[in-house]
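Paired with chain B in one complex and with chain C in the other, chain A is shared by the two complexes that follow.
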Partner chain A sequence: MIAALFRRAERDRALLAALFLLVLPFALPFRATAVNVLIDGLFAVGFNLVYGYLGLLSFGHAALFGVGAYATGLALLRAGIPWYGGLLLGLLAGAVIAAIIGLLATRTRGIYFAMVTLALAECVYYVAYQASGITGGENGLRGIVVAKIDLFGITLDFVDPLTRYFLIAAIVALALAALSRILASPFGAVMEMVRENEARARAAGVDVRAVRVLAFVLSGAFSGLAGGLQALHLAIVPIETLDYGTSGMVVMMCLLGGAGTFFGPFVGALVYLVLQNLVALISSHWQLPVGVVFMACVLFFPRGLWGQIARWRPA
Partner chain B sequence: MPDRTDRRIGRRGWLRGAAALAAGAPFASAPFATLRAEEPPIRVGFPVPVTGPYATEAADQVRAAQLAIAEFNESGGMGGRRAELLVRDDKLDPGEAATRAIELIEKDRVDFIVGSLSASVQLAVNTVTKQRGILYNSISQSDQIVSSPDWGPTSFHEAMTPHMTATAVGRYAFGKFGKRIAYVAADYAYGHEMVAGFRAVGAGIGAEELAEIKMPIGTRDFSPLMPRLEALRPDILFLCNFGRDQQVFVKQAQESGLKRMTHIVAPILLQTARIAGGAQAFEGVLGGTSYYWGIERDVASAKAFNDRFRKAYDGRLPSDYGALGYSGVRSVLSAAVKAGSTATEKVASALAGMKYDFYKGPQYYRACDHQSVQSVFIIESKANGRVPEDVFNVLETVPGQEDLLKTCAQEGLG
Partner chain C sequence: MAGLSLDLLALQIFTGLALGAVYVLLATGMSLIFGMLTVVNFAHGAFFALGAYVGALVLAMGGNFWLALFCVPVATGIAGMAVEWGLVRHLYGRGIDDPLLLTFGLSYVLVEMIRIVAGTQGLPFDTPDALAKAVDIGIGYFPLYRLFVIAVTAAILLALWLFLERTRIGLIIRAGARDPEIMRVLGVDTGRIWRLVFGLGTAIAGLAGLLAAPLQGVSPEMGNAILADAFVVTVVGGMGSLAGAIVAGLVVGVIVSLTALFAPEAGDVAIFALMAVVLLIRPQGFFGRAGLMS
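So, the complex of A and B:
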């Protein structure tokens, strides 16, 4: 019964995700955090494409997210490009930087892949840090103010919390639908084949390296889009978006929710952000209870929160 | 039977009493009832890095800000309307701070935001408040927040700017020690801004710059620099770094003998860092500060502030950045009282140009850029005194004058 329910959920996953996004801001005590859940959720989903479905652990995803954020921010701030153009540029920039990092990093595997991605992402960080004339350096990029959004002849107030949420939610829902389509395609199956048995995939005629690079580029596009949305939402791009802390955060969210599942990373982002914010409101020692919850998750939900639920079968 | 009678009378008595109370209640509690029902408290959002490397300073800022709120409420508030402080942890992260600021505005409906403890974090909060028309008073150093394009009509800056700090400290040092100078600077915004500030002062008096050495943050060995600096024999060595880097440098300068040949001057000496580092590490080092509790001997408002702080927090004394939490909150609340309103434009116009003396002598917000013009104290580390906070000698008070600041035209606000 429950298994059938989850099979059903898996089939209509894009629709289900859209429904979930529709009720999320009313379920959460904070709207701005709800928007962060959307953005980090999309970022984690993009990361999951490489980690969960392809089995490559990247520690450099901050570069893909951050470059997307900077591209969107700079396009709006310096070039005066409208918001949708800025977002598209963010998406493309994420894909381009992913192609560069992916081409270099896919020459290695395992722990070396993680280290090379981390090192290359740090290079990106220092370039942005030093180029303070363009990026604002340590102070970050500020003043990416989008007050009004014109959409098919309707002008929306982007400062209004709910309008901002639903606009960003609509874009995230579209991205999730695209991701669902990718995963359902033959390419999605090939990714999982490479993860499960690389030698066999090779023997079956799969160009393993090309699959890895392509998946990395797609992951970069999703991450870059998430970065661009963050630039619009917060009106700033802090240098910290390129920091290795951001790379660590997305790994954590993905593991917490369940790698290799469609909804897992999103659930991970939700739990991660809401838990932190709620506990921080009550106590300044929020790190302790949050750490305990994380340890409990690792011990009792090794497949992640969603991963464990989705695999649960009544005895 | 008598029992029942008693009981009946008791009940009647109770009923009568209750009726009388109910009838009297509207009169007795009327002022409170209307006050509570119609006037929500004035809400001040206070995002500071409660966790992370600046947690000690942030905790002190919260203590001082709470003091300002308590004082405001004790003195009757704004026509009876009380104030409350909403402390949020910005985790020393600009993205986190921006999110917290958005939530403070959208969900908690704060009237003002005061806070932050780093340049990038305050600029992030400032972007959010500027966009939403909420008044923001920053309590940490930055030149950008009072310059175009970051500055906005809602931006106020209670803390000093790096430029004014370097100008005040530079003038003192050049006047006392000579004109042959060398810089050792941390290779990031803080170090660069401070060097630029000293250089501007030095250019005016014909100082001779012998070297500028930039070192990465987190450098743990400065000993390779020592022979070079000893050979240069500068009159002044400006040490533009922070925290542990600063402690390590001073210790190694002591060991190598460099300290005996030159005067080591830091733009800012933090009380918390000096207490943590100990007397030996900072011996003979000069620097600037926005506040040191020891000025209470000469400044009446400092004495009053310290006494209140001591009383509220078991004899503890406020730190430099902590005190900014007090004046940052108090100045905004005073402006609200002056304006008779919490509307952003009214409070902003009351605050611009406002003269006040809350804790360190006379100050005022310059009308064109909302920078608080204030005195800078030149201090010197000394041996530990009677109380843990007794760590500095005040050498000179540089009075708050506009010639310490960049002109508004230089800031792009002319």
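So, the complex of A and C:
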């Protein structure tokens, strides 16, 4: 019965995701967390594309997310581009920076990848920090206020939390549908082939490096879109969006939920943010329990929470 | 003006060598651990910070810098061995990413524990009195402490080299890095050797933190920024190569120091540009063997 349910969940994952997004804001103890789960969940989904499905551990995803956020913010703030144009630019900017980092980082292999992506992301952070004339430097990019959203002739009130939530949820759902399509495509199969057996993929005529760069670029597009949504949501792009902590956060979210599973990153984002909020109620030292939970996850549940549940089959 | 700026240049290069010495120590410890255990220690920066804080603790309890110089590597070395025994060793044989992720989680825990014990604000860290002066090194006056950092680094590297090349344990370590299975067959307890190597690496990281403390002060996050720099050094030098760690560490130190002089606004970006160039021309690094990391 339960096994059949899980099979069904895997088949109708877009439907299940939509249902989940529908009830999320009413199920959480912290209402404001729901939007963050959406945005960070999408970011973690983008990260999962390269780590979970391709086996490349990136510690530089903050650059993809942050550049997307800055691109959206700058487009709205300086160029007066409407919100959908801003989001599109965020998505593109994430893909472009991912192409640059991906082309450099895929020149190395294995364990180097994590180190190189981390270092290149730090480089992006320092550039944004120094270019304070454009990015606002240390203070972040401020004043990206979007009050009204025009959609096919209907004007939506973006200030209202629920309207905002469902609008962002709709965009995230579209992105998830796109991701689901990518994973089901031949390219998705090739990615998993490269992860499972690189030598064999090579022998079968797969250009492994091209697959890696392309997957990284796709990941950058999802991450950049998530960054753009965050810029709209927060009305500010803090410089911390680009720092090491953001890269680390998305790694933790993906791993906690379950790398290589479709829903895992979302579950991970949910667990991470709820844990963070709960600990913050009693202490400012939330990194300690989060770090301990993460270590326990690596040691005892390497498949992550959702990965463990999805594999569980009653005897 | 020309002569003056040449002296200034030489002094700045010397400053860079002192900074590079800290990088060399960090990258050496990281390379040592990786070469033997194939573990990328993401908590290396946290051990760096831990070393600086243990040093601050020794000073606060009335000890002097020389006592700290002894206590810090002992403390961070024992902490490292405990980490290897309690956490890392359970992941041998799993994917290469797993110990990396574990030590990454550990770095959060260690840094937060430092914050809980010593506060979130940084602490000042005075240069020891005996070293708090400048000496004439022919091209101008140079802070004695920075010379001391270079000298200590050289001494540690020499000791490490003698240990690895001239002792029985060093022989076992080198052999174990090549083929741990044969070592086990020959009756060597590789688990103990690996624990020792991990502790040695973290001890050197802690010592680097102590040496860096008078140069930059002490803060819980001091390890985070330098971790990225240490990765640059490791990538440029070639992972697992001690010679690479030394050469790349000094080169990176000098580049940081020179860009601070000529183009301060580009100071933080220069070394990443160096890494990008190295990746394009020689992806395995100065001393790395191609295909080692596949």
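We take it that the second predicted complex is superposed on the first by the 295 of 315 C-alpha atoms of A that agree within 3 Å, B and C clash if a C-alpha of one lies under 4 Å from a C-alpha of the other, contacts with A are read in each partner's own complex, and residues count from 1 in each chain.
By our rule, contacts are C-beta pairs under 8 Å (C-beta built on N, C-alpha and C of every residue); 3 or more make two chains touch, one makes a residue touch a chain.
These figures come from a predicted structure and were not determined experimentally.
**Q** Return first, second, both or neither, reflecting whether A:302 touches chain B, chain C, both chains, or no partner chain.
**A** Second partner only.
**Q** Could you look at A:143 and tell me whether it touches chain B, chain C, both or neither (first, second, both, neither)?
**A** In the superposition, A:143 contacts chain B only.
**Q** Tell me the contact category for A:36 with respect to chain B and chain C: first, second, both or neither.
**A** The answer is first: A:36 touches chain B but not chain C.
**Q** Return the chain, chain B or chain C, that is in touch with more residues of chain A.
**A** C
**Q** In the superposed arrangement, does A:282 touch chain B (first), chain C (second), both or neither?
**A** neither
**Q** Between chain B (first) and chain C (second), which, if any, makes contact with A:23: first, second, both or neither?
**A** neither
**Q** Go through the superposed model and pick first if A:159 touches only chain B, second if only chain C, both, or neither.
**A** first
**Q** Counting only touches as set out at the top, which of chain B and chain C does A:108 meet: first, second, both, neither?
**A** A:108: touches chain C, not chain B.
**Q** Name the contact category of A:203: first (chain B only), second (chain C only), both, or neither.
**A** neither
**Q** Across the two complexes, find the residues of chain A that touch chain B and also touch chain C.
**A** Shared contact residues on chain A (touching chain B in one complex, chain C in the other): 287.
**Q** Going by the contact rule at the top, pick out the chain B residues touching chain A in the complex.
**A** Residue positions touching the partner: 50-51, 88-89, 93-95, 98-99, 102-103, 106-107, 119-120, 123-124, 126-128, 131-132, 144, 149-150, 188-189.
**Q** With touch defined as at the start, can you tell me which chain A residues reach chain B in the complex?
**A** Touching chain B from chain A are residues 29-33, 36, 132, 137-140, 142-143, 145, 147, 159, 161, 230, 234-236, 238-241, 280-281, 284, 286-287.
**Q** Residues of chain C touching chain A in their complex?
**A** Against chain A, the touching part of chain C is residues 34, 38, 40, 87, 90-91, 94, 96-98, 100-102, 104-109, 111-113, 115-116, 224-225, 227-228, 231-232, 234-235, 239, 265-266, 268-269, 272-273, 275-276, 279-280, 283-284, 293-294.
**Q** Residue numbers of chain A touching chain C in their complex, please.
**A** Those in contact with chain C are residues 57, 59, 104-105, 107-112, 114-116, 118-120, 122-123, 126-127, 129-130, 244, 248, 251-252, 255, 285, 287-288, 290-292, 294-295, 298-299, 302.
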